[in-house]
Amino acid sequence: MIDKTIATAAAAVADVHDGATILLGGFGTAGLPTELTDALVARGARELTIVNNNAGNGDTGLAALIGAGCVKKIICSFPRQADAWHFEKRYRAGELELELVPQGTLAERIRAAGAGVGAFFTPTAYGTDLAKGKETRRIGERDYVLEMPIHADFALIKAHRADRWGNLTFRMTARNFGPIMATAARCTIAEVDEIVPLGQIDPESVVTPGIFVKRIVRVRHAPQSV
Amino acid sequence: MIDKTIATAAAAVADVHDGATILLGGFGTAGLPTELTDALVARGARELTIVNNNAGNGDTGLAALIGAGCVKKIICSFPRQADAWHFEKRYRAGELELELVPQGTLAERIRAAGAGVGAFFTPTAYGTDLAKGKETRRIGERDYVLEMPIHADFALIKAHRADRWGNLTFRMTARNFGPIMATAARCTIAEVDEIVPLGQIDPESVVTPGIFVKRIVRVRHAPQSV
Amino acid sequence: MKKWDRNQMAARMARDIPEGAYVNLGIGLPTLVADHIPAGREVILHSENGVLGIGPKPPKGEEDYDLINAGKEAVTLLAGGSFFHHADSFGMIRGQHLDFCVLGAFQVAINGDLANWHTGAADAIPAVGGAMDLAVGAKNVIVMMELLTKAGESKLVERCTYPLTGARCVNRVYTDLAVFDLRKDGVYVLDWVEGMPFEELQQLAVVPLKRAAEARTA
Amino acid sequence: MKKWDRNQMAARMARDIPEGAYVNLGIGLPTLVADHIPAGREVILHSENGVLGIGPKPPKGEEDYDLINAGKEAVTLLAGGSFFHHADSFGMIRGQHLDFCVLGAFQVAINGDLANWHTGAADAIPAVGGAMDLAVGAKNVIVMMELLTKAGESKLVERCTYPLTGARCVNRVYTDLAVFDLRKDGVYVLDWVEGMPFEELQQLAVVPLKRAAEARTA
């Protein structure tokens, strides 16, 4: 019987290796896989490349991972935040590489990796500093920049409900990067509020089919509001 | 008040012009917008380019449109069927242009048009006759073919439920090309089994948000089985 | 002469959004536009983090931070709203399905170039978010900003000196002094504050202005 | 020597699909594999028209033609199944998320080249469907075919003479006479019908064969 449930977040991230590229879900606090991220900090793998919309803030989650010196590179769209001090300190010290990507290009590069697209032309950032050094092309009446997929070793995401096959639903805007990140990693791990019996998720409403999910972990804390 | 409902299929396709490119949903009989297609035959616009997975069969629907001499070109993945006689006759007579596209490339080209992607590299068809004359590139360890988006003037699709904002859900595998076609046309028209009050479609389960839909028409016949 | 305040600017902009429009409102000043959509006019608000049909702010104490806008503020969802993932959301943007996006700006050039993501300062942490996607994507790219910097320099310029967010993308600029339509043959003033002679506006803006045919006369 | 019949071929193939595998079965012979998955083994079937978790055929009279497979036959959905659109479905395929696809073929070359979409006849209506996507996409591209044409020629060839569906993509070939593993250093026979000397198989197949270390002895 297929059962993708893993007992603990620690067990779910136990094979994250030094040098891994990790897609980390979430926008704001919505969709942040907080327990998996904590487990990742505890795991202590080094030289990680992290892909997230932001670069961590405060002292928890991604910021803690950066603070612990586990991160070599961040690929994100918006690292600047009032309390992004862990990122800022290491970035200014030259200890942390930053690849700044427009948010939609970030999403599309992740989606391209999951969908087997080798590269794509996007109009975003054409004529700006973020397109410097990149191949461009005029197609029809628009100018485009060539962008490459972002493949990853692991994706850590937060979903709402799962079943043992790994089918997922999300909660409102906590969906954000989760469904595309799930497609782009060799090993996708989802922390979820609830694991329901097979067949209880309406097949019309499955957002991420289980084919993209290797491991599910039920969170221990109560969801912030359901 | 926004209300995208149109009273009849005939009214919904009344502005389809000669030379239009039309995305036509459906795979098998699932998701075929039969009433809109009938209305299109009655409308009688000529020199149409039709994008569908197949090239019509029997004497109804797309086959009738071809039989009526309305179609100049078909873009599809699988025109060969035992009863695709209308297509076959005109194709063999040199009266109908065929652009044969692998099914996944067809889907991705439509999706690219809807998502503002200017072109993309796909591994599909590399090294085959269907990639002849196309730009290719080795990226990483795979070889790719460059493919262009398919933009359209109209998309005619079949959905299950709609609300007055044009939000759509689909029925099982009748979903097929509908959601991506809806994104790729300047004017998307959906025929639906049912129009429900705003708010009755669960926001987590909307498959096609109304932003992609210009007109909805309730079908007159009963759905084949609900 | 009295400048338009932030709410007046937002109301002036909101007036120009037609029923049924799909609109993305940027963080800050543009967010105010939502409060000024004329009563009874249905406008569908998009946020790039994956939601269409944003409603008013939730009552205090009822915030659910799984339902937020791009500014990470708690919002509500109207009946008819929907959720989708980031690739679909930016597909909507890049694919030119939004009728309007309303953005803040450091500078707008008369050819429509937009600078709103980076001051170019060497030590600044760069951050772009969805600005570049919105700049190339929306059918109408609208800027809302004060016309002048604190130093009194026009932010409507011949050519941007700050790094670009997008090239030739801005259609219209709503400021505290006037509304500017950027057309191929020049900058047209659609409206300006009462009591200010057009000539004074011209002096402040510096870049050459034309009166739109439909503009009110001062 | 008795050739394997279609059900035996399907059963032989099904045996090699592990629990939890995601599998796309092509039209015709490959579809039979579904009926031979060993009892108690959960295998999740995909169809490129947008469904995962296909169950058995519906009872006669209960067909719903909104729920079909790529062969346009009515199917059912298992608990745990899901529906998605064509771009997502082919993203799964192209993105190498399927563990196996099982296809028919006109010819397979020893380097893994596959020809199954077009005979190359000048007057044939060309039709490709999802074959080229599956050929480049699945982690394991499996062919099921009779080894010999009606004229007695091997369909396992040095080089395909029919137009290719995909280059160097086939991993393994299940035939009515033997199972072939296509490896970098040659074609390995994993299994063959009882009562046939290996030498006879070699004669029929023409292309040079090796016995896999794990192969049973005849």
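Just so it is clear, A, B, C and D label the chains in written order, and each chain counts residues from 1 on its own.
The criterion applied here is as follows: contacts are C-beta pairs under 8 Å (C-beta built on N, C-alpha and C of every residue); 3 or more make two chains touch, one makes a residue touch a chain.
Being a predicted model, the structure only gives us computed values, none of them experimental.
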Provide the labels of all chains in contact with subunit C and in contact with subunit D. A, B
Between subunit A and subunit B, which partner chains are common? C, D
Could you find the chain whose CA centre sits the greatest distance from that of subunit D? C
Cα centroid separation, subunit A vs subunit C, in Å, comes to 29
Find the geometric centre of each of subunit A and subunit D from their Cα atoms only, then give the gap between the two centres in Å, rounded to an integer. 35
Which subunit D residues touch at least two other chains? 77, 83-84, 87, 90-91, 93-94, 136-137
Could you pull out the residues of subunit B that touch at least 2 other chains? 108, 111, 115-117, 122-123, 142, 170-172, 203-204, 207
What are all the chain pairs that meet the touch criterion? A-B, A-C, A-D, B-C, B-D
Once bound in the complex, which stretches of subunit D touch subunit A? 19-20, 22, 42, 44, 46, 52-53, 77, 79-84, 87, 90-98, 136-137
Sites on subunit A touched by subunit C in the complex: 27-31, 77-80, 84, 87-88, 91-92, 98, 100-108, 110-111, 122-130, 170-180, 207, 224-225
Over in the complex, which subunit C residues touch subunit A? Could you list them? 47-51, 64-68, 72, 77, 83-87, 89-91, 93-94, 118, 123-133, 136-137, 163-167
Can you check the complex and tell me which residues of subunit A touch subunit B? 108, 112, 115-123, 137, 139-140, 142, 144, 148, 169-172, 202-205, 207
Per the touch rule, the subunit A residues reaching subunit D in their complex are 1-2, 111, 113-117, 163-165, 167, 183, 198-199, 201, 203-204, 206, 209-212
